[in-house]
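What follows are several structures.
Two complexes, one shared chain (chain A), two partners (chain B, chain C).
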Partner chain A sequence: MTSLQKFAAMTLTGIALATVLSVAMMRTSYATQFRNIPNAVPSHQHWLGTDDLGRDRFTRLVYGTAISLSLAPIAAFISVIFAACIGGMAGYLGGAWERVITAAVELVLCMPWLFLLIAVRAMMPLNISPLLSVIVTFSLLGSLGWAASARVVCASVSSLRDSEFILRARASGTPGWRLLFVHLLPNLKPVLGAQFLISVPVFILTEANLGILGLGVSEPLPSWGSLLTELESMHGFASAPWKLVSLVLLVLVVISFQLIISSDEVSA
Partner chain B sequence: MKRTVLAVLACLLLLPLGLLAQVRNELRFYLHSDPRTFDPLLVTDESSDTISFLTTGRLVCVNRETQALEPELATSWKTSRDGRTITFKLRDRVFYSDGSRFDAEDVAATIKRMMDPNTHSPFADIFGAGTLTARIVSPLEVKIISSTPVAGFDRIFDQIAIVSSRSPLKEKAALGPYFIADYKPGSFIYLKRNPNYWKRDGAGKQLPYIDGIRLEIQANRDIETLRFLRGEIDLINSLDSEHYDQIAQSAPASVHDAGPSLDSEQMWFNQVANAPIPPYKRAWFRSTNFRRAIAFAINKQDLARVAFGSHAQPAVGPISPANKFWFNRNLPPAKYDVNAAMKLLQQDRFRLDGGTLRDEGGNPVEFSIITNAGNMYRERMATMIQQDLSKIGIKVNVVTLDFPSLIERITEKFNYEAALLGNINAGLDPNEQMNMWLSSGESHQWNPREKSPETAWEAEIDKLMKAQSVSTNPAQRKKYFDRVQEIVVQQEPFIYLVNRDALSAISPSVIGAHPVVLRPETFWNIEYLRLGSNARGK
Partner chain C sequence: MRALIIRQLLTIAATVILGGFLCAIFVRVAPGFDVDMQQLDGRLSAQAVEALRAKRQSSRNIVAFYGQYMRNALHGNFGKSLVSDHSVRQLIAERLPATIQVAGGGLALAWLIAFSLAMAVAVLRSRAADMFAMSAASLFLALPAAVIGLACVFADAPPLLAIAAIVSARLFPYVRSVLTRTGNMPHVLAARARGAGELRILFMHVLPVAAQPLLAIIGISVAVALGADIPVEALCGIPGIGQLAWQAALGRDLPVIVTLTVLVTIITVTLNSACDVAAEAVRGQHA
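Up next, the complex of A and B:
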């Protein structure tokens, strides 16, 4: 691990710890509307001012960060599981199976999945709590965003399948399940780890995109996406630069993940 | 050295353009999309409507400031007692932009073409199933006969643009103050002053004063605001409160808040009998007490102040106070009263149980409000309503949907509980809202397409709306429609939230502008607008 990667890991840990501590110490609810002071400037009561409904922006940023940082890894985990199963199966079975599954993966990759997400979200029941809606949103992200990872996993399994140690294991009569769990999966760990780290910032950004379109997390729950909608117009942040904090935090997190990934990808 | 030479060359090249701009007397503003049509009889979108307004002539015109009907191409008119015939006396010596003469034949041809089913003119729909025919009495007199009585017959002709029957340019031959001189799709439309325009000012000078209008096509409101602040465009016809405040900060003299517009924002509950919602929820939504309680529990003052930055007014009822004639001034003002809400709920045997409101059967009161994603104002209002209703123990889930999904839910599947949307009223007459108030109407959103009225109050509204639509006595019509407004306020099928203000921006260099609440807010008196000495290019 290089010093830059150590720094990135420390930054992520720092942000996560600060978020957890802030959530624990927070006195104001992220939903409380101080309607007499909408769009207030920063003060000792409201460190980052208030939003257009008078809600404390700092509280919303802390909760939004907590939500995005805790749920994006879950979505990434779901997506990696899907990728491991589908890509692993294609690579392990090989031949016609591999061609069919790879074609299916290509098809999934071709889909405009932002629109797919919007369509799937529109079909969801309306009466679900904001927390459940955010969990469903990230689960959808995870269950729809596995295709790119599946392709990488398939390629890795294919190369492992033809490797000498697998051939020897086969020749010595090792059963299929043992081959998969004892020989293949442990060798896939770095690839799956890298795919996980790649997926986390992707899902964070996708949720932010959905949030900017107004289709992300339900009100009043905050997320980075809903916080970034404040920056839609240039006027929005030119007159109130403290609104940029959510963007800075998002960029910092995404860059940190990218910096960590590079080492994992290389080692994978 | 090279750079200096280039700079000098650039200045030399720009010099003629600057000189050209100086001699131009040109108004500039933005259209937010390409016009779908230049045929004034087929106009359905805002951009086409703007072009139609600037280039066509009408027999009569609603003065956007006084809301009174004034003569235009017709010098006088008379409606028969039975409301089926209207006779127009036409202005003499009026010519189209191409020099062809205007007379009764054009009016008759316009009516014939508009009513032809093959034209698919949206204006034919105003007359419903009735037919309209024109009979030429003389070149300067025409009778228009309807098969059914038409209420407010004369005012309808404010919307109908007269098209030439003889000009080879057809609908592009302009009777209005301007004609279309150039059009580059996706880029701009250039309108030139109509040299044959009939209108003159008090001193006898031919109108309009401004020689040309350049309408650039630009959908981005941020760019529009920025270019207005730079002085590159002269007006913004309709602003939202965010951009209004942005302009007000640096150019306070340029912004105009004309007060509440005709548009309203409202929410309603799904009362459709076979909607896929639990029966106990349908029972809540069909209860007048429940709906009225919700109306009392929503702080409309706060919605107007916080969600719209004080550029909206709490709505009183279905008609905005901006509609001077039809607004019922006897309606009580909007009231925020949590205690009154609780009393009404108790009448329906709702009870508070540890901070949660429960109905008679013990079901917690929880429902979802759907609205269109990306509409910042509606999202804000829904979130504020969520907090307001939590004070009486109601849990509201705010769901933002993409527009097609939302429309599908409220018009076809009826798979929703409450919706928050707006109503854009372009016209003043209640006849334009028939589809919304008749129980059989498609836009009777809380329960559309009823075979027969499902409640007594809906039956009464049906009766009143039908009566006003055939009455030719304005006072009687007003009486009927006042009662409709009373019923709506008592029953709250729509909970009217706010009326947005009509916001606009006009450069101080545009002289003679008086922004109003009716469309087109800023250039309704385009003929009389002038560009002052500090105008761009002067």
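Up next, the complex of A and C:
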């Protein structure tokens, strides 16, 4: 791990710890309105001011960060599980199975990600409860974002399948399940880990795009995507720079993930 | 080569059929498929609600819905929008020029930027220039496409700049990597040892070899541009395909969103296949 990667990992840990502590210490809810002071500028009581509805922006940022930072990894985990199952099956079975599954994966990859996502998101009822909207949004990301990872997993399993130690294990009569769980899966850990790290920032950015387009997490629940919708009402990024804190935090987290993913891990 | 072309044509046909079918499945099995917001309107009479239900009846069976859709599509009829009641074909035809201008122009500019920067990095062989360009690309990769679109609105800049920024940020690291890797190949090192100039090396020895991997990502870059087109057009108020897809998603306009998804898939697959054929032709020339 290079010093830059260590710094990125420390930044992510710092942001996660600060978020957890802030949520624990928070006395107001993300939905609490201070109706007498909507659109307030930053002050001692409201560090980042209040939004159009008089809700404390800092409180919403803390809860939004907690939601995005905890659910994007869960979505990434789901997509990696899908990728491991689909790509792993294709690579392990080989032959016609591999060709059919690879063709299906290529098909999903050919569909532009955002088009596919908004098409499927649009099929869900839009007037669902905020909590359900969070689950739907991140579940969609997890269940549709596996294709690229599946291709990588398939290639890795294919090369492992023909490797010497697997051939030896097979020749010594090792049963299929033991080959899979004892020999293949432990060797796939670096690949799956890298795919997980690649997926998290992709899902954070996609949720942000969906949120800004009004197809993400519903109000009043905050997420980075829904917090960024506030930017639309600005007259320029310099007009109220404190509104940009959520964007800065998002960029910081995504860049930290990009730095952690070294080229060695990606190619592993 | 003929076998490759036939295989690619079969891939296109299979992808179109399967892609459309996948969309139909997504549409049909999705929760809330049978719910229409208009049915909840208390001002509508029972007959009007029943008429709305009957209107959606034909879409309930996946196979029937998809079969009917593909049959009509072959005759150029993609159905009618559930929201505006306009023909989907007409809606797409009206909005296509704006998208070609924004997404097409942005894509061309993105390739120009990515290629120019990567060539500059390859020719200059400067670590500082490389770091600067990579940092800029990383920053743009870390920004949501919608925020880049908003930046264009605030700066009163043409929206194609947003597409160019989003796509070039993805293209540059790849193009740079291909040019650098090719630049370190033995025949290039030999040419450099013989005293050939950097520009001559680039155009005569690096680019012909790098053409094949670069051709492979043209299709991917189109998919990225079309994906970025949705937030950019939606936020910049451009009446194109991206904005139509966004409005259809918000209005849960089934015929429009399915047609657009299939259309975009066809474009991407066709371009990918064409690039594969072109890359094979280039490889054949060098073999």
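Rule of thumb we're sticking to: the second predicted complex is superposed on the first by the 256 of 268 C-alpha atoms of A that agree within 3 Å, B and C clash if a C-alpha of one lies under 4 Å from a C-alpha of the other, contacts with A are read in each partner's own complex, and residues count from 1 in each chain.
Following the convention adopted for this analysis, a residue touches a chain if its C-beta (ideal position, glycine included) is under 8 Å from a C-beta of that chain, and two chains touch if they have at least 3 such contacts.
Keep in mind the model is a prediction, meaning the values are calculated, not measured.
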| item | value |
| --- | --- |
| Superposition on chain A - do chain B and chain C clash or fit | clash |
| Which superposed partner A:13 touches (first chain B, second chain C, both, neither) | neither |
| Partner chain(s) touched by A:258 [first = chain B, second = chain C, both, neither] | second |
| First, second, both or neither for A:250, with chain B first and chain C second | second |
| Chain B versus chain C as contact partner of A:122, first or second or both or neither | both |
| Touched partner set for A:219, first chain B, second chain C, both or neither | first |
| Partner touching more residues of chain A, whether chain B or chain C | C |
| Contacts of A:110 with chain B and chain C, given as first, second, both or neither | second |
| Chain B versus chain C as contact partner of A:29, first or second or both or neither | neither |
| First, second, both or neither for A:159, with chain B first and chain C second | neither |
| First (chain B), second (chain C), both or neither touched by A:2 | neither |
| Superposition clash, chain B versus chain C, among 167-175, 401-409, 419-427 or 491-499 | 401-409 |
| Footprint overlap on chain A, comparing chain B with chain C | 118-119, 122, 126-127, 213-215, 234-235 |
| Residues on chain B engaged by chain A in the complex (per definition of touch) | 222, 225-226, 242-243, 246, 249, 302, 305-307, 366-368, 370, 373-376, 379-380, 382-384, 386-387, 397-402, 405, 415-417 |
| Touching residues on chain A, where the partner in the complex is chain B | 31, 33, 35, 38, 52-54, 118-119, 122, 126-130, 133, 213-215, 218-220, 229, 233-235, 239 |
| Chain C contact footprint on chain A (complex, rising order) | 103-104, 106-108, 110-116, 118-127, 201, 205, 208-209, 212-215, 228, 231-232, 234-237, 247, 250-251, 254-255, 258 |
| List of chain C residues in touch with chain A within their complex | 11, 14-15, 18-19, 22-23, 26-27, 30-33, 35, 37, 138-139, 141-147, 150-151, 154, 223-224, 226-228, 230-231, 234-235, 245-246, 248-250, 252-253, 257-258, 260-261, 264-265, 268-269, 272 |
